[in-house]
C-alpha cells in the first residue's frame, strides 16, 4: 500500500546525496540533497575569535542560513534587497548554530572560528534539516583541513560526536518521515529533530500546525525521527571516509 | 531537602499573579508575573484583516514580543535604536503567535484582527512562557469586549481551548519546573512547552544547552511541564472569572 | 464653574503618583502617573564613559523615550519593527536628556554614565513631561545607589537641583495646566515647560497649533506652568524621602 | 564698545541676502544668506495630496531640512550613507514644517501639496532660522506660480501672514541677536523664535545650555528676537516685490 | 611561449560549461562555469508587470546579482545580514539588467515580467560576464517555457538577438582575454564588454586600474573581447539546442 | 544648419563655468556649471587614513555624489529619508572616486585623506561628468591648501595629471557632445568618457540605450569626447591659475 505521492513508505527517507568538497574556495564544504532539496554548506575556518571571546582559550562556531530567491516554486524577494533578514531565516540560522555547537568541544578548537553558511539552492521541504546534516560534513572537513595545516594538533578531539536532523510529521493521522514540501503543508503536526550519532537529542521542535497533539503522537514521531537520523549518520560517516 | 535557591521544590511554580484589565486603552490586557518576571500583555482588536486575507471570511491573530532595555540586570540597546529586531525577538514573537492561534477558530473570529503585544517590563527567566500565558488572558478579554460591542455574535465560539506555557530544565541532573534566570543559565537541557487547557501539546521546544539529552530525560521534562501548565490553566480560568 | 471634562480647575494638576523603586533590576527607577498617563523610568548606572569622553574626568547622562505600541487608544506600529525611530521619539529623547543634564554636575559624577529609559506604558497626554519628572526620581535613586556602592563619594554633589516638567495650553481662549490627550488635541497653543526646583527655566517650548499667540498669552502660560512645576518638585522631594 | 567678534552690536542682524528664483527647476526657490550661513530653499508644488488627506478639500505643506556633509568646518558623514536621518535633522524638519503651516490656510490651498526643501550649503550658526525665513520666500513664489498656472484662483488667499525666525542667546550675561557658530557654542541660553509678520509667536524654543535661565532673561531674549524678525519680515517683503 | 599561469594563450577563453535546466523550480535556469567561476542563473517568469507599467502593453525584464558569502577565497559578510546591498552589487545588477533588456523586444513580451537572478556560487574573476552570458540562456529557456504554456504566442519574437559578455585586460603590457581573479588584480586596465550575437556592442566599460590607457590599447582590447564573445555566442546556441 | 534645441553644433560644449573657492569651510571647493547643470564640489582634507591603510605610507581619495531632492524637474525622495542610497548614486560615487584616484600619486599624498563631495544643486544632464570635472578643481585646491599649511611638502607631486569628463551620445544617428537632459533621454547610445589632461582614457562607459552600437559609432563617439575633454582641461587650468 503506497501512502505517499513519491512512492515512499512512511518510515523511508528521500534519496540522500552528499557531495563533499563541492567548493574549491572553502576550508570545508558539502552539497547535500534530500530529494529535490539542495543545500550548499560551506565551513569557513579562520584563526582568532570575536573580540568578546578573546583570551578565553575557546573557539567559536556560528551559522547562517539563507535561501536563493528562486529556490522555491515562486520567487521570493531577496532579503539583502529588502534590507532585513526575516524571522524565519534568523530562527533557522540560530538552530543550525546551536545544533553544530552541541558536538563541538570549543576548548579543543582553541581560539579559532568556524562559520557555517547553508545556502538553499533549491527547496522542497526539509531545508533546515538538510542544512544541519550537510553542515556537519563541511564542519568535519574544515577541521580535517586545519589539522592538515597544523593549526589544530593532530590529536585535538574537536568533534565529540556527529549530528544530523530530520523532519517528521503527522499527515492524515499517520506519522511520516522526511516531508517534502507538499506533505509539509498538509501536516497536522510538524517536528524537527536533531540527533547525535550516539542517538541522543540535541533539539526537539514540535509544532501543532492544525490541532494540538497528544503524548502518544509525540512518542511515535520521535521513534520515527530516530530511524531517519540513524541512517543519516551512516551516510555522513561514509561520505567523510571518501577522499575529498 | 531544599534544592532551589528560592526554596521551591523541583515541581513547584514561582508565585504567579495575573492582573487583568491593567490597561485602560486596550481591548484586552493582563500584567502577568512569574516571580520577578513581569510581562504586560495587551490585545488590540480591530475590525478588518490584512489585505492578503480579505474576502476569506477568516480572522487573523498575530503577536509581537519585546523587552524594555532595562528589563534585565544590565541594560541592552533598544532594538528600535539599533534599527532591527534581533533573531531572538523574532523567534519568540512567532512562537507566541503560533501558540495563541492554536486555540483560536479564525472562522468564528470573522474578518477581524487581534494583535497581541507582550512587553517584558522586568525579566527573570521564563519571559516567553509568561508572555504566552498572559496573552491568552488578554486575548480572552478582547473577545469578551468584542461580544459586548456586538462585533462578534454572543454565541461565536472563537476560543476552542485555553493555552499556557512553562519552562522546564535539567539542572545538576534534576528536572525542574519554571526556571528563573539563575537556573536557566545553569540548565543542561532547557525546554519550553506550550499546552492547551485539555492537556494536549501545542509546542515542544527542547534544546541541549550542555550535553545532548536522552529519551527518558525528555519524558521526565514533559511530565513536569504538564504539572505546571495544568496549574496555570486553573489560574487563567479564575482570573477570567473575576470582573475586569 | 467646571471648565474641564475631568472636573479640574484650570490651574490644577491631574492626580500625580510616583512609585519609586518599581524595578528590581535597575539602579534607579520610578513608575510615574499623571492621571491615566503612566511612564516607567529607569536609570542605568555604569562605570566608564563613551570613548569620545574618556580621560576628560566628566560623566555622561543620556535618555531614551519610547511608547509601547498599545499605550494609546489605537495601536501604533512598533518602531523596532519599522526599523527606525520616528522624528517625534528622537525629539523627546533629546529633550529629556537635555533637561536632566541641566541639573547634573558631570564633574562630580566622574567618569560614569547614566542612561535614563522612559517607556510610556499608557498614554493620555503629557507623556514627555511625566517622563522628565519621573526620570529625575530614577536619576536621584541611581546616584544614591552609587554612593551606597562607594562608586561615588559620600559628599559628591552630582545633582545641583531637581527638575520637573509640565504642559500648558490655551483651550477655547483659557490657559490650562497639565493637558490630557483630549485637551491637547483641542489646544490652540501648546507649551511644555521644564523648570528646576529653584524655579528657573531649563526649556520652554511653545507652539502655535492653531493661531499664532500673543506676548500676554505666553506670559499667562508661563505663570501657570510654574504653579505646576512647583507642586511637582514637592512631590519629587517627598517621594525621595520615602525608603525605596 | 564692540562686544562681538564680527563688530556687530548686540541687537544687530548679520548681513542678510535673499536671492529669489535661484533654481530654474522648482516652482519656488530662494538662496538665503545670514552672514556665512547659506541655505538653498525650494518649494515643490504638486497637485493632489497624500492619500490620508484625500477628499478633505485641504492642502498639505511639509518640509525637509538637511546639511551637505561639508557645510561645516569639519566634514560630517552623509545621512543617506549612514542610512538614517539624525534626531537633530528630524527635529528641525518638523519645526520648519510647523512654522510654515502656521501661515498657510490649507482650505485656500485646496488639494495641493507643497514640499519645502531646505538644504544647508554652508553653515555658520542659525541654519534653522535662515531655513524658515528663506522657505517662506520659496513658498510665496510657488503660490504665485500656481496662480499664474491657474491651479489656484487669482483671489485664493493661501498665505495668512508672513513668517520669519531668528536665534537669540545670552553670552557672558548679555542677550544677543542672530548668533554665528562661534557665539552659539558659547551661549549659556539659546533660543529660536519664529514670528509672523504681524509680530505674533509661532514657536518659542528656549534651552538652557549652561545654567537654567530666569524669567527676566527670557523676557529680554524675546524682546531682542522681535527686533530681528521685524527686520527679516521687511527684507522678505522687499524680496518678493522684485521680479524673479 | 606560455604567458598565463593556467597555460592559456592571451586570446583563449577558460573552460566554459553551461548546464541548462539546472533548477527544477524556475521557468528558466542555467549553471554557468568560466573556469572556477560558477554562477547559478534563474529566470522567473510571471504574468503581469509592475504597477507603473500597467496598461502600456510592454513587459519588464530586471536582474539581481549576488555572491554567496564564501564564494570567494575569504568569507565576506552576508549583505542581508548587513542590511544593505553594496555599491558593487547594485552596479552589477543594473549592468546585467541593461544587457539583457538590449536583446528583448518588450512589446513582444507583452505585459509579463522576467526576473533574472544571478547568484555566484564560486568566484574566480569574471563573475559579471559569466552572469550575463548565463542569464541569456535562462532567459531564453523561460521564454520557451512561456510559449509552451501558451502565455506567449508561438510566433512572438521576444528575443531580437543573443547577448554574451567577457572581460579583457592589459597585464604587463599584454592584452588578455577572460581574466581569472589572480590576473584581474594585476591588470593595469580592465574592461568588460557586452556584445550581441551579431557582434554589436551593448556595453563597453573600461577602467584604468593602474595607468590611464591609450586609444590603441583600447582598440586592441575591443578586438580581443569580440573573439571571446563570438565563441560564447556559439556555446550559447549549442546549449539551447540541447533539450533541457 | 542648427541640429540642437539650444543652438549648439554637434561638437560644441554648453557654457562651462567653474567658480573656485565657493565654500569658505572646505579646504578645496568649486561650483561647476555645464549649462543649467550645477554641481557643488568640495574637497575635505584630513590628516590620517582609514584604519585598514595605516602604516602603508599612502593616502586615500574617495568621493560621494548626491542630488538635492529638487535638483530635477520633479522632486525625488531624499535618499537619507528613504534610508538607503540608490544603485545609481552608488555607481556614480564609485566612478568619481576611481577617476580622481587615477591622477593622484597616493605615495606623494602621504597618510592623508581627501573626501570629494559632489552635490548636484541643479540637474540638466551630464551631472556625473560635471562632478568629475569640478572635483578635480576642488582636489587641486585642497592640495594647494595642504602645501600652504606645510602638511604636504612644497615639492610633493601629488597630482600626476588633470582629469575631466564629458558625455557623448548618438541622437537620430548623429554623434553629439555634452548632452543636456532632453537629449540624454532621446540618445540611442550614451557614453561617459573620463580623460586625463594628456589625452589618455581613465574610464570609457558606453551603453546602448536603444539599439546595440557598431564599432565605427564607438570610434566617432570617442573622437567627439576627446574634443570636449581637451577644452575642459584648458578651462580647469585657467581656473586654477586665478587666485581663489
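Read from first to last, the chains carry the letters A, B, C, D, E and F; within each, the first residue is number 1.
Rule of thumb we're sticking to: a residue touches a chain if its C-beta (ideal position, glycine included) is under 8 Å from a C-beta of that chain, and two chains touch if they have at least 3 such contacts.
Each chain and its UniProt protein: A, B, C, D, E, F = Ribonuclease PH.
As the structure is a prediction and not an experimental result, all values here were calculated from the model.
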Chain by chain, through touching neighbours only, how many steps does the shortest route from chain D to chain F take? 1
Common contacts of chain B and chain C? none
Between the Cα centroids of chain D and chain E the separation in whole angstrom comes to 51
Can you check how far apart chain A and chain D are, centre to centre, with Cα atoms defining each centre and the answer in Å? 59
Chain E residues touching 2+ other chains are 83-85
Quick one: what's the order of chains around the ring if we set off from chain E and go to chain F first? E, F, D, C, B, A
Parts of chain C lying in touch with chain D, wherever the complex brings them together: 84-88, 90-91, 93-94, 98, 102, 161, 191, 195-196, 198, 200-208, 211-215, 218, 222
Per the contact definition, I'd like the list of chain A residues that touch chain E in the complex. 23-26, 29, 36, 40, 42, 44, 46, 64, 66, 68-75, 78-85, 89, 115, 117, 119, 121-123
